[in-house]
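What follows are several structures.
You will see two complexes here that share subunit A, one where it goes with subunit B and one where it goes with subunit C.
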Partner chain A sequence: MADAATQPKEAAAAAAASTHARPGLGQRLLGRFFPALFPPGEPLEAQRRLFLIALTAPVITYVLVFAVYPAIVGLSYSLWRYNLLRPHRTAFVGFDNYVKFFSDPAMQAALWNTAVFVVAAVILEFLLGFALALLLWRDRLFSRICLALLLVPVTVTPLATGLIFRALLTADYGPIGYWARILGISGERGFLGTPSTALATIVVMDVWQWTPLMALILLAGLKAIPATTLEAARVDGATALQRLTTIVVPLMVPSILLALLLRMIDASMVFDTIYVTTNGGPNNATNVLMIAAVKEGLEFFNIGTASTIATVMLALVGLMATVFFLLIGRYEKKVAP
Partner chain B sequence: MQKNRRALISPFLLAASALIVAGPLSAASAAEVTLNIASMNDPFGAAMTKLAPKVEAATGVAIKVDIMSYGELMTKTSADFIGDTGSYDIVTMDNVLTGQYATAGQVIDLKPWIEQDAAELDLDDVYPVVMNSLGGYGEMQVAFPFSGYANVLVYRTDLFEAAGLSAPTTMQELQAAAEKITDREKGQYGWVANGQKGPAVAQDWMQYNAQLGGSILDAEGKPAINSDANVESLTVYKAFFDKAAPPGAVDYDWGGREQAFRQGVAATMQTWSVGAAGYGDPAQSNVVDKFAVIKAPTGEGVEPKYGIGGWGLSINEDIAEDRQAAAWTVIKYLAGKEGQKELALLGAGGFVRKSTLADPELNAKYPFLPIIAESFEKGDGDYRPRIPEYPEIQDILGTAVNAVLAGDADPKAALDDAQARAEDLF
Partner chain C sequence: MTEVSASAARRGLRLRGLAENAALVAAVIAFLAPLVWLYSTAYKPAREIFQIPPALAFTPTLENFRVLLELYDLPSLVSSSLGISLGTTAVALLVGVPGGYALARSRWKHATTLAYALLAIRMMPRVVTLMPFYLMMRDVGLLGTIWAVVLTNATLSAGFVVWMMFSYFRALPPEAEYAAQIDGRTAFGAFLFVAVPLVVPGIVASALFSIMLSWNDFLTPVFLTGVDSKPLSVALLSAYGTKDVSWGTMGALAHFATLPIVLIALVLNRYFIQGLTRGMH
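Up next is the complex of A and B:
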């Protein structure tokens, strides 16, 4: 008679044997159509491995072709002085493009502005979005109508958003800009024409457009919280604030991190709104990495410099994603039973 | 049932087949060659499209005009040139890109063909400065002049009259008049120009800079951006903005600037002659019958020279020789006397020929043509350096001048920095 410790192992082995005793339908079909790759006599475990590789092959191919390959090519271009209009001056320059990037005040400003923009816009969008999600949590007709109306800004293209705000904010005849100047709320040159307020104005435009999306993602997280848990807490005497801080927020951490990650990646690529309102000015007040990259790549066809900027952006996004995935992993370990 | 369905479908299939077969046949029967023209979204683009049937009738070559914004035109044509795809046969070339086109070898040198057809082209009828600045580069002619613009001053006659002012003939008079007319409480400003970072402010300032005696390059063709004359002209340009421009002008590009004048917010503006017809159109302007077009003023003691800009027609080097020949035939028509008059009547707004500017019918329609003719006689097409590095220089200046206007830098420091950056390009 087997002892208690060996019983589960035997059961698992038996279960595994039953699972692999007969190839599945997919495996059998692959064996019929690709006998060279999936020979009928091959051990089942090997066939299974091949089958799994075949299943993941399209995804891996997609990632290699559309993400890894362009990234590697971009990285390699960044090591060259390479202008499409002056191919005769092409030369390998090593990390010279990176040295120039980090020593150029305009690029430093672009890097700093991008970071400030991402942090400010995403924090504001999160706070406002979370507040909106809480307000719309109860499933009433009013909430649903409000949600539908709130999503209107998301459907406007960023280019149109920029043009609308530009018309509203112009200091000479804009419905907002004119009165803001007259009342002394903005500088004499308006919100977008004053270096100290230009970037903040772009942040406000982004917040107007993307807060509803943040609210929508967070609302989905809120709806996933079991009502029984909250009810139990309420019956036990927990106040609204206590329920929010001890139940709602902890249970929403994955949704929050996902929303923040998506918006941070998107915000780091801000372009259209700035392009049509200030074109990176006044001076370098709203110059961001994407504006600099597009200018170098599509106006000057300076592929080496544009690739350098793109690689720096890729590194930034990669860094953000890594931090968020680490946080999510740590959270899952913490809450795992 | 099956039979009925077949009976129903068959006529449609037959009709579709007939259309598929007849489409190319009918196109081919009208003209042997159809050329693709990449056109800037200036008034000449729409005019060329309207003129296409006459072009085909006169040359036997059909044209298809693809009208694009400036950015799109640059991106598409550059991609076409770099990829050697030959998608466009004829390309409208901004005259500031002459150096870039010439050195990159993207378009053919028209010099031999121009010499061969000199009599037919009646070259004496083309303004020499236009011939040179809209396609000439060293010994090459990379584009044939097609739509030339002169920098002119438009001003509000009613406001000048009310203020007891006469039309300004010097930059100093313009500055004094602009400041006198400005009444911020009434929302009336004396002057407007581009202030937005990038090409907008760079191009407008380069214009004023030349009129005030400055120059972007020295005699050797090297950057002289921080010269005393340039620093002085930028100081004047900033004074215009501070004392006479609408507050938001530091963010204006061409659209904003034009709007300010047409809405009646600004009393004076330097602009390309191509827009002059629009100020008299009630559908586009609030200042109809209240404006005049005059020659651009220059600084006291500076030899009068007037900025010239515009577009030439280039032939893509990647297309087959027979298409190049057909393209040249089309260019000869479009830039010829007949084509130029037809385009002018259609509102193209650009001129390259003396005969067109002297035409009585056109003068009756556009009374400002003598101003353009006088400007072309003493034109300067190189105040914006037509060198391969022009796009980068323009960007450098666009940042520097905007920084000064926004109060972030003083003229000397901004131009010193611009000079250092420009030197790196050479």
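Up next is the complex of A and C:
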């Protein structure tokens, strides 16, 4: 990433800045052990590099100790039979946990539930979010006020979202649930208590909370479209719908893909809203991978099984990210070869 | 184009504008109504909450707030939530701002990749890290304190802060720092007193995002904190009603658990939006 234009200026300035700085003992020692990082010939370059490394070191160390190390340990548990309540039965079992995971009908159902939830929620959020973004596109005070108010659900803890909808939809006396039951729209046990409607209700909750975020990200993409391009199309007589399909959407593809990917990653790890409403029920209808993993790990202390579920989740997230980045890369190559 | 059709087109445009505004207002109402209802339960007497059939009108009361103070140790809950969100943010900024600066100024070709990698910590399902972290915190005696939550949440926030600051410092030409060094500042002095003041908006935006994430976090504190150190988000769950602890208490507690972040997001909306859009990219 060497920037040829600024490099000489930079070096001159650095040289002027440290006329009385000569390489210290630490730097000479580092130069001896890491000659590639601290070549002996350029003391100022080496000093600069040492300074930048020293500034990065805390965050790297911190993340290695408190995120990467626990993650590696956690992922490696998936190869062990390990229950905190029965520590004496701990044993290395290789891929047994994975074989069990993929042959367990309950886990297959959890995988399916997660997939249905992610696809349904993200598609709905995208369609509604895009419509909202188009409505908010024109920059004016009214749009900005509406955007600020629309973003309020994003700021609320997902736990509260779950509680609000659980209360509203309670079949006995909830303001919505009561009428839905009386009018026969929901089952006797309410939307959340009926297996066929429970997952769809969780999707609605997710849509309520995260559509505004989707709208915001898409709006940022819309605002990056050059106004002159749109004006030229208008002058040439393109209708609003034509401008949308031939200019706006094609130019938006990369930011649309990114918005979809980010929401899919977060949606695949949905937990709080389900935990406080159905906790995976009724009849496992809303049992997604994260709920299954937390139950196994933090309730039954089946660390091996929980790590296996989490590893599968991580693999799925990695797969989604790879596919989307390949799509974005291919699209950008097609547009600008 | 005749005058008649021009005015017809103008009228059509005005009608479309009106329809757009109406749609926006409808959306705002739809997205705010559930929250307004939650807050309103706090001012309803218990018997009116459980009225069958449910009614919208009610006689306001502050009774629920009195019950809330009786049932919950509110100062302890608030201070736990504050400690967790401010502590997390302080740690994240302390390690993240210098890290983002160094990566932005580095000419190492993998600097961007490293910044991406730090952002990608968020992709890790949290159950994976929580179990080893639980054992780690038990061994060092921090289990059951807010510090356990701060230490693990700050990894997510720090990754985000590095990414934000990386993009802000990249957009800032380094000449001012070199000039300061010529004037006798050290390299660190140039970073702290010249570069940092110029990216305060970015620091505010990422701090807001970090405060929001850890204030709203539920899974980590429910698992790592104890009775004395649990934050508002965890208490909110226990406020959901069996009939004696009605929705009224939940609504009252929700004022404390959600309104601070809602108000910060509305007052500092510009920074909040920057944090949300940049943090996602």
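One rule holds in what follows: the second predicted complex is superposed on the first by the 263 of 337 C-alpha atoms of A that agree within 3 Å, B and C clash if a C-alpha of one lies under 4 Å from a C-alpha of the other, contacts with A are read in each partner's own complex, and residues count from 1 in each chain.
Just so we're on the same page, a residue touches a chain if its C-beta (ideal position, glycine included) is under 8 Å from a C-beta of that chain, and two chains touch if they have at least 3 such contacts.
Since the structure is predicted, the reported quantities are computational estimates derived from the model, not experimental observations.
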{"item": "Touching partner for A:259 - first (subunit B), second (subunit C), both, neither", "value": "second"}
{"item": "First, second, both or neither for A:244, with subunit B first and subunit C second", "value": "neither"}
{"item": "First, second, both or neither for A:173, with subunit B first and subunit C second", "value": "both"}
{"item": "Contacts of A:60 with subunit B and subunit C, given as first, second, both or neither", "value": "second"}
{"item": "Contacts of A:48 with subunit B and subunit C, given as first, second, both or neither", "value": "second"}
{"item": "Subunit B versus subunit C as contact partner of A:116, first or second or both or neither", "value": "neither"}
{"item": "Touched partner set for A:298, first subunit B, second subunit C, both or neither", "value": "both"}
{"item": "Partner, of subunit C and subunit B, that touches more residues belonging to subunit A", "value": "C"}
{"item": "Contacts of A:284 with subunit B and subunit C, given as first, second, both or neither", "value": "first"}
{"item": "Footprint overlap on subunit A, where subunit B in one structure and subunit C in the other make contact", "value": "166, 172-174, 298"}
{"item": "Subunit B contact footprint on subunit A (complex, rising order)", "value": "84-86, 106, 166, 170-174, 177, 181, 188-190, 192-195, 277-285, 295, 298-301"}
{"item": "Subunit A-touching residues of subunit B, taken from the complex the two chains share", "value": "71, 74-75, 78, 82, 100, 103-104, 187, 195-198, 200, 246-251, 253, 256, 260, 263, 265, 388, 391-392, 395, 399, 402-403, 405-409"}
{"item": "Complex contact set, residues of subunit A against subunit C", "value": "1-3, 6, 9-10, 13-14, 16-18, 47-48, 51-53, 55-56, 58-60, 62-63, 66-67, 69-71, 73-75, 77, 132, 135-136, 142-144, 146-161, 163-168, 172-175, 178-179, 182, 208, 211-213, 216-217, 220, 258-259, 262, 265, 269, 271-272, 275-276, 290, 293-294, 297-298, 303, 306-307, 309-311, 313-314, 317-318, 321"}
{"item": "Contacting residues of subunit C [partner subunit A, same complex]", "value": "20-21, 23-25, 27-28, 31-32, 34-35, 37-38, 41, 49-54, 56, 91, 94-96, 98-99, 101-103, 105-109, 111, 118, 121-133, 136, 151-152, 154-156, 158-159, 162, 174-175, 178-179, 181-182, 185, 187-188, 191, 212, 215-219, 223, 233, 236-237, 240-241, 247, 250, 254, 257-258, 261-262, 264-266, 269, 272-273, 276-277, 280-281"}
